[in-house]
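There are structures below to look over.
Next come two complexes built around chain A: one with chain B, the other with chain C.
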Partner chain A sequence: MKRQVPLVLCFVFGIAMIFTRFSPHSVSQWIYEEVISWVLIIGPFALVLATVTLIQTHTTRIRRRTEHWQYSLVVFAGLTIMVVIGIRFGPQNSIFEWLYNNVQLPMDATMFSLLAFFIASAAYRAFRARTFEASLLLITAVVVMMGNVPMGDFIWNSIMSWSPWADKVSEARQWILDNPNLSARRGIILGVSLGVISQSIRIILGIERSYLGGGD
Partner chain B sequence: MLKTTQWIVVTLVLCLSVGTAFSQGLAPPSSVTAMDTPNDDGSSITIKWDAAAEGSGISGYQILRQIAGGDLEEIGELLPAGTTTYVDSAIEKGTAYTYIVRAVGETEATVDSEQTPLVEGTGEWFHTGKIPLLIAMLLFSAAILWNIYDARSGKDIFVRRIPGLEAVDEAIGRATEMGRSILYSLGLGGVSGVATIASMTILGQVARRTADYETPLRVPCRDPIVLNVVREMVKTAYLEEGRPDVYNEDDIFFVTSSQFAYAAGVEGMMLREKPAAIFLQGTFYAESLILAETGNSVGAIQIAGTDSEHQLPFFIAACDYTLIGEELYAASAYLSREPMLLGSLRGQDWGKFLIFAAIILGVALELSGTGWITTFLQRVS
Partner chain C sequence: MNMDRRIVFILVALAVIIPMLLSVNLPVSVSEPTQKFYDYVEALPAGSTIMIAFDYGPSSLAELNPMAKALLKQCFDKDIRVIGITLVVDAPTLVSDLIQEVAAEKEAVEGEDYVFLGYRPGDVQVILGIGTDIASVYDTDYNGTAISEIPMMQNITNYDQIDLLVDFASSDTIESWIIYANVQYNQKIAAGVTGVIIAQMFPYLQTGQLVGLLSGILGAAEYENLVGAPAKGMQWINVESFVHLLIVVLVIIGNITYFIHRAREE
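On to the complex of A and B.
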């Protein structure tokens, strides 16, 4: 019974959602909007449980004095301050907004900016010309980079001024992006789309049930 | 008195003559029809009329609407001269309307079309424009279902080797031997994301093995609903392996819903705990490379998988194994080797074959100057 009920619900709602895709009638659109609303309603309940696990995790870290446990105190301080101000004064409160704009956003931006360095280190490993494929990747990457960066044209034209490929780097970059790159991407997208449909059919029909936990 | 009456009559005749003279150049809009807009939820009516001939002197059209028994009212703005269609989306369902199309001349003279019969907006239960999509969906679904049915007979189904999934046991074994934990991230996707569900199925298989080997499995979650589902399914996996004592609920925990704060949290875990194996499976965005590069720096064996094609190059560059797109969805069948799931994989391949054949046929027909397949496929999309 514990398994049958979710499987039946999954089948019924799966079919209903497919039906709404093909039916413009107001009833089917109402069903669609209603189901989406239910998902939104479940969210806050799950968030309470999630917050409890967050508190449990960091309490355990502090109690056991694990490595860098002091950061868990920062988590509690941040959580308490934002929750108290948010609930007491609302999200439009100037202190709440100040904390968001001057603490959370800069930290997010800092993490995002780290990406540039990670790209450099990953590119260094990927572009080491040890094999034919890696060499091909390196040459392609150089052309695309030259075509993208503001100084790329200047550098390319300075180096390649003697060759018939001078002034062609932007065209070459565009060709690479429009042809081999786009073809590969479309191939992946086609595969992903078929995979999604196949996975959805398996879930709707109850053939794929491992997400419920365990086998049968 | 007689003189005054004569004067009024003459003035009226003159006015009428001038009005007629002005409107003589304007022909009323012809073939005006009003009909329920097809393939909608009944919230609009479409009015159509014939285009005016060139040099007709028409500068625009004004649509007039009347409810049965009510007054005529102007709706919408003055339409440009070349317009031949107007969709009235401001109707009430269940109310019948009649329409007049008024042609407005350059001299601001007007002439009205005949009034259309009463028409009512009704919602359709099926969108006829989506028939090609339905056919494509049914064909593909039939291919999958037939293969699932066929697989039940116990036929041996060949599935090509997927190195990323072959390496799952290797990664778990490595973590067990080294006495370190396994980190499993489901990415940023919600529970309704198919990639997240696919990731959960892989996690279920991983959990069964970690239960056997008593290897700690750490799952930081970004979505509260995913957290609760994952806890339940990992717990069941441990129970079914007969090792409920090894299951630790605290190892599956919520980090935050914020994208980069999640990345920072998981990155911190990697650096502190130095897991021997890292699984990054699901939907990822810009944080993909942050996580993969940090995992690489701590020397963990990394198996990534995503359907976000923009993040795939990052994973390929930074991880040991990457499940590319559809391979993520094949994981459940591949790892469990259940015949019915494997059958669906073969059905998926049939779908690919159909698409491949359609591409070849489409190119050949386009080259020979026939474009019907292109038109058909455009309607499917």
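On to the complex of A and C.
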């Protein structure tokens, strides 16, 4: 029974939602709108689940004194302070905004900014024209990188101003994005979409049951 | 030959700091996707409504805030009404600050020229919910004012009254907007995304599912140029220019040393 009920619900709602997509009838549209409003209610439970999982994970770390367990205390301190202030006084409270603007925002921005340093270091160490394919990738990357900034146009045009190839760096970058890149991406999108459709059918028909947890 | 990574880090830091101090200004040309975006907004008559989804957090603020700011300026200048929302949980404070800053500069009135509805959990649920009834998703705006009491929301129920949806995104939310808002509700969509995910967007631009596209800090600089309000985008694209140049130079040096080393081994 524990497994049959979710399977039946999944089948009924899956078929119903496919049906509503193709039927403009008022009953069909009413079902669609009703289900959407249910989904809006169910959605926030994901936040609750995420919070519970976070608390469980870090409680376990503290209890077992795993490596760097002290950082889990920082997680709890941050979580408690923001939740208490946010719920009690609202997100427009001056303390909440101060913490956001002066703690969270610079920390997030710093983490992302560090990427520039690591990308530069990794590019210097790993980007080698070892094979024909690697050389092709290297040339493409250089063209796109330089076409992505005004410096690329500036250097190219300064050198090639006398030739018919002036102003061609941005065009080359755009061609790469519009042709080889677009073709490859479209292939990936089609492949993923077909996979999603087949997986959805398997789930609706109860063939794929891994979402219920455990095996069959 | 392997350069100490700390030297690379110092070079990157210098490539960022020096151009900022010298205020270098390189000319920025406008790419076709940016021009399409601008033209579409320009063609909207006064009184039109644009919904802007600010789907990015503080980590992508540097790339996406300048383009969002330029678009808001254009909208307020043209008397286009703006509905702001976000699908990202840590975005509301920064979005609220941004909208209020531009609104104060352009003397736009909250509730009449713009409204920020804030965050609601669930990407797809929110996108589909707006398609049926905005009030079913957002019963109040970010300040807690009931949506029924907001003057500019009186005649806006769902996508039918929204002339353009713009998603400023640092992740795959744009694909959710395309799949559910564009395909299901024929909502016109334009996007501004971080440089990291720009390559994924071109198929949608080519099919017309995106009416325009801004690409990272370059897109922001181009848009600021078009709007006639050069700001952070223009400043930072020049900084980025030097970092890109440095990386290309490092890659060339790395390859030269690699080939010298290989020739010696042979």
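Here is the rule we go by: the second predicted complex is superposed on the first by the 161 of 216 C-alpha atoms of A that agree within 3 Å, B and C clash if a C-alpha of one lies under 4 Å from a C-alpha of the other, contacts with A are read in each partner's own complex, and residues count from 1 in each chain.
Please note the rule applied: a contact is a pair of C-beta atoms (placed from the backbone, for glycine too) under 8 Å apart; a residue touches a chain by one contact, two chains touch by 3 or more.
Since the structure is predicted, the reported quantities are computational estimates derived from the model, not experimental observations.
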Chain B versus chain C as contact partner of A:Ser26, first or second or both or neither: first
Chain B versus chain C as contact partner of A:Pro150, first or second or both or neither: second
Partner chain in contact with A:Arg125 - chain B first, chain C second, else both or neither: both
Which of chain B and chain C A:Glu97 touches, first, second, both or neither: second
Which of chain B and chain C A:Ile87 touches, first, second, both or neither: neither
Which of chain B and chain C A:Leu194 touches, first, second, both or neither: first
First, second, both or neither for A:Val5, with chain B first and chain C second: neither
Residues of chain A at both interfaces, chain B in one complex, chain C in the other: 39, 42-43, 46-47, 104, 107-108, 111-112, 119, 121, 123, 125, 185, 189
In the complex, chain A residues that touch chain C: 32-33, 36-37, 39-40, 42-44, 46-47, 90-92, 96-97, 100-101, 104-109, 111-113, 116-117, 119-121, 123-125, 127-130, 138, 141-142, 145-146, 148-155, 170, 174, 177-178, 181-182, 185-186, 189
Touching residues (chain side chain B, partner chain A) in the complex: 39-43, 93, 123-127, 130, 133-134, 137, 140-141, 144-145, 148, 192, 194, 197-198, 200-201, 204-205, 208, 221, 223-225, 227-229, 232-237, 239-240, 250, 252-256, 258-261, 263-264, 268, 272, 286-287, 289-290, 292-293, 307, 309, 312, 314, 316-318, 324-326, 328-330, 332, 336, 340-341, 344-345, 347-348, 351-352, 355
Parts of chain A lying in touch with chain B, wherever the complex brings them together: 21-29, 39, 42-43, 46-47, 49-51, 53-54, 56-57, 60, 66-68, 71, 104, 107-108, 111-112, 114-115, 118-119, 121-123, 125-126, 185, 188-192, 194-203, 207-208, 210-215
Touching residues (chain side chain C, partner chain A) in the complex: 2-3, 5, 8-9, 11-13, 16, 26-29, 31-32, 57-62, 89-90, 92-94, 96-97, 120-122, 124-126, 128-129, 131-133, 136-137, 142-144, 195, 198-200, 202-203, 206, 215-216, 218, 221, 237-238, 240-248, 250-251, 253-255, 258
